[in-house]
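Please read the structure below before turning to the comments.
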Amino acid sequence: MKQATGLLTGALLATAAFSVGAHAEGTVKVGVLQSLSGTMAISEVTVKNAEMMAIDEINAAGGVMGKKIVPVVEDGASDPAIFAQKATKLIQDDKVATVFGGWTSASRKAMLPVFQRTKNLLWYPVQFEGNECSPNIMYSGAQPNQQIVPSLKWAEKAGYKKYFLIGSDYVFPRTANLILKKHIAKDGLKTVGEQYVPLGGTDFSAVIAKIQAAKPDIIFNTLNGDSNVSFFKQMAAAGMSPEKLPVMSFSIGEQEAQAMGTKLVQDSFAGWNYFESLPGAANKKFVADYQAKFGKNAAITDPMVHGYLDVYAWKAAVEKAKSFNPDKVRAAAVGLKIASPMGDVHFAQNQSLVQTAYVGKLQPDGQFKIEWKSDGAIQPDPYDPVAFPNKSCKLH
Amino acid sequence: MLDLPLLIGQVFNGFSVASLVVLAALGLALSFGLMRVINMAHGEMLMLGGYLAYLTFLVVPGPLALLVAMPVAFVGAAAVGAVIEVSVIHRLSSRPLDTLLATWGTSLILQQGARDVFGPIGVSVTAPDWLNHSFAIASGPLAGLSLPATRLFILLVAVVVLAALGLFIAKSRIGLLVRAVNQDRMMAAASGINVRQVDLAVFCLGSGIAGLAGVVLALLGPVTPSVGQSYIVPAFLVVILGGLGSMVGTTIAALILGLVSALSQIFLDVSMSQVLVLVFVIVFLQFRPQGVIAVRSRALEE
Amino acid sequence: MTQTPFLSRLWIPVVLLAIAAPWLISGYELSLLGRFLAMSILAIGLMLVWGEAGILTLGQGVFFGLGGYALAIHMKLAGLEPGSLPDFMEWSGITALPWWWVPFKSPVLATLMVVVVPGVFAGFFSWLVFRRRVVGVYFALITQALALSFATLLVSQQGATGGFNGLTNFQTLYGFDLNAARAPVVLYWVTLALVVVCFAGVRWLIRSRFGMLLRATRDGENRVRFLGYDTTPYKVVAFTLAAMLAGIGGALFTLHAGVISPALVGVVPSIEMVVWVAVGGRGSLWGAVIGTLAVNFAKDEISSYLPGAWLYVLGLVFILVVGFLPRGIMGLAEDLTRRSARKPQPQPVEAPQ
């Protein structure tokens, strides 16, 4: 009997002993929180690699304000509740100065209250559906008006009149398509169909039948992950490969294209704010450094570059603010010029990144050939003015 | 607006989905009829078949790779099935619910194993050229309807497997033993049949058929560590709907579910049609709790 | 049979220790403990329906989710400025509050819904299935399909449910500020109190005549029927109670985690819930609670150090516990204490069918 109580007390005390103290002299802790297991791991591990690489580079060059960065890596396990849980741990137990991470909107939404409550700062590297404006998040991934809307404008100029929208059933595709539909209608063109498939879905027979019946000029595709393989395969089997019926995808980057076999998706279009094939010495150096570290065939994607530049943006902002205090850091970050593989970029007043939009066409070697770029960098707007009028985001 | 090509196309798709699900469900139904256990790792036999097909396509070049992959996947999946039967299922044979849980553990390990060996992103098999076209109807009332060759091939595989299995059970000596054990386990054992071996053989056969399903699945989509999961729940529903261990019941149930799912997708999106299929099963059980084909009462078989 | 005596007599020190936890462990660990205790209420219900009545359900996440969403909907509405809609409705193109959201404006009604919605749904569903005598493996598989359908439905109805993101970002409940510094500790104590109440309630129930009938049904349903009892109502009540407990657990979990989403209610989470009880010992209430805590603390630790390893561990634990330790940790503890106390005696293996 005694043993049992002893055991329980012991267990409670042992867990208590695990807590780590605040940051030691000469170092500063930051959190790196991505899914290292589960369905999202494949994408998020590469972002973690890029973030860690930036931290290593900064440490090798003397750290931040003379302090060495100590990254605390945690696994979000592709589960939003775990993301919230681990964010709490990083901030409360590890006392990190800031956190880099998140991928799905679900993970960001679950973490947001944690960052607001603790007044900490999250750097979020992935394009998303907008409609969010929190002082405790730096949004470096594209807003809808920096990725999907420019791609639509490109398609309209290219003469496509009838649009078919297909996506995985979650928040980004549904919201992106809502915005697309409003723009398509406003520009006097036609949306001839809109279909969603559950995440990870593999059967597209009914969807393809509907595409055949609707006869679109182009498909706008926001399917996620492996569903893309099934979709392109079954499209090809039904005689509709991307060269016959163009497809514009928003979730297929270099890594995804190469993993699913370029032959399948060759000639399809993609809209991003970064392609591995972009010119510029900074990009060449970044690609070479990453591939020296993680294998010469490692693909470089848009979210990785955003994760990488987030770390540098944080460093620059800390040094400008001369403080690790999140409120001072985010104020300092606005308008601050940051050199990155995408060229010089900066954060706007609404804490989103000002960046250029590109449309690329997938080549047989797994790289995208740049077909079009926007007329200069686009100011981010979380609330698309056509779809969500009367809303705006002002943080500073 | 209901246009004819879409309707006919969906009936065809219903058959195509049914043929996949019946291949996935046959093994479950057969073993359930004999041993009253459900193998939750059965979906991973599909996955295994898919990966074996992928490996075969790497080794064997040319248009015949697919025909080589099928026996390879059958044997491979049957062998892994044998290991699972001996190590987990047989040990728990008198406790069906515990078998369910233990085989779910097995399924987790197999999935994570595949993730570590082949990577979390799916691998892909390219359908041979002789399957790479579709039969399109260009004019007449059915204009616009197109039937992809891969789907016709899957239908063919399902028909051949069903016919072969039917013949095997009706005519072969092992089939006779299977029928005997299925009818009355005790009597069969008493009359000298090695019930244990019959169990094992049927389990391997069922796993092998699931392996075959994995090969045809690879023609339609990527092979991922979790590919089995997307087919296993429909397969379970087919077993419930089909009745105990009956091949005919399983086939009819698969057809019903395939058609309900495909036809409802004319009006509904995929998510809603999934919900509808479950509702359909529950309503169906209100009228025929014993399933499509009743071999014996379900309530008295605890 | 259902109670392990040595822990039952220790409940006072254990509860005292648990009450003192806020002073003993760090804030983060307290938040984990609180969250896992909330989940253990679900496990207590699962113990009732699986351990006692022998009904294996692979769909408990559904009821967990219903409870969680009921409270989450209320909190979304409570934090809203008058005349505005929850943010996700706006970006889903919804212009008016769905009618079924309206009752959740009332805190009293919403709190009732936490148990009423899962209860009514579970009662209806299980009555439909049990009255046609669909049992055992069939029932388990149908509940699994239910979990899949429920998660899919939640995701696809984004305008009304928040879709894949679920519901997050809660500010107040019953007028209390959820972001206050004391909130986590208060929430922890409330959770602990509810665990004690549910534990005691179910303990009383399984010792009553009702509990006896459940066990009798588990061990030989037809025998009970031939004695003149209609077993269906008993099973429906057990399943319904378990669903209500799952609803309470889900609501508390939502408060602790600050989020409820389809990822927490689908097939895999539902089956993981069964692992908690299997590991702790399906025949014991203490087992349900201890199993929930043990599995989840292990998951938190292991996934921090070896992300990929967790699934192997989970899979192996499942096979080993079910195969060699069907009475879980509590069964093992009982055997060990008996062995040290007196000569070993053979233990009948409890194996609900």
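Going in written order, the chains are labelled A, B and C, and every chain counts its residues from 1.
By our rule, contacts are C-beta pairs under 8 Å (C-beta built on N, C-alpha and C of every residue); 3 or more make two chains touch, one makes a residue touch a chain.
Predicted model only: the values in this text are computed from it and were never measured.
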Shortest hop count from chain B to chain C along touching chains?
1
Quick one: which chain's Cα centre is the longest way from chain B's?
A
Decide which interface, A-C or A-B, involves more C-beta pairs in contact, and give its chain pair.
A-C
Once you find the CA centre of chain A and the CA centre of chain C, what distance in Å lies between them?
34
Taking each chain's centre as its mean C-alpha position, how far apart are chain A and chain B in Å?
37
So which stretches of chain C touch two or more other chains?
152, 155-156, 308, 311
I need the residues of chain B touching at least two other chains; which ones are they?
269, 271, 274
So which stretches of chain A touch two or more other chains?
41, 169, 196, 198
Given the complex with chain B, which residues does chain A contribute to the contact?
39, 41-42, 169, 195-198, 200-203, 205-207, 209-210, 212-213, 225-226, 229-230, 233-234, 236-239, 256, 259-261, 263-264
Taking the touch rule as given, give the residues of chain B at its contact with chain A in the complex, in rising order.
3, 5-6, 9-10, 13, 16-17, 119-122, 124, 126-127, 131-134, 136, 144, 146, 148-151, 217, 219-222, 224, 226-227, 230, 262, 265-266, 269-271, 274
Which residues, counting only chain C, touch chain A once they are in their complex?
6-7, 9-10, 13-14, 17, 21, 24-29, 31-32, 35, 87-88, 90-93, 152, 155-156, 158, 163-166, 168-170, 179, 257-259, 261, 263-264, 297, 300, 303-304, 307-308, 310-311, 333
Touching residues of chain A toward chain C in the complex: what are they?
1, 4-5, 8-9, 12-13, 15-16, 18-19, 36-37, 41, 74-75, 77-82, 84-85, 88-89, 92-93, 104-106, 109-110, 112-114, 116-117, 129-132, 169-171, 174-175, 178, 196, 198-199, 388
Per the touch rule above, chain C residues touching chain B in the complex are 54, 56, 125, 128-129, 132-138, 140-142, 144-146, 148-149, 152-153, 155-156, 220-222, 267, 271, 274, 278, 308, 311-312, 314-319, 322-323, 326, 351-353
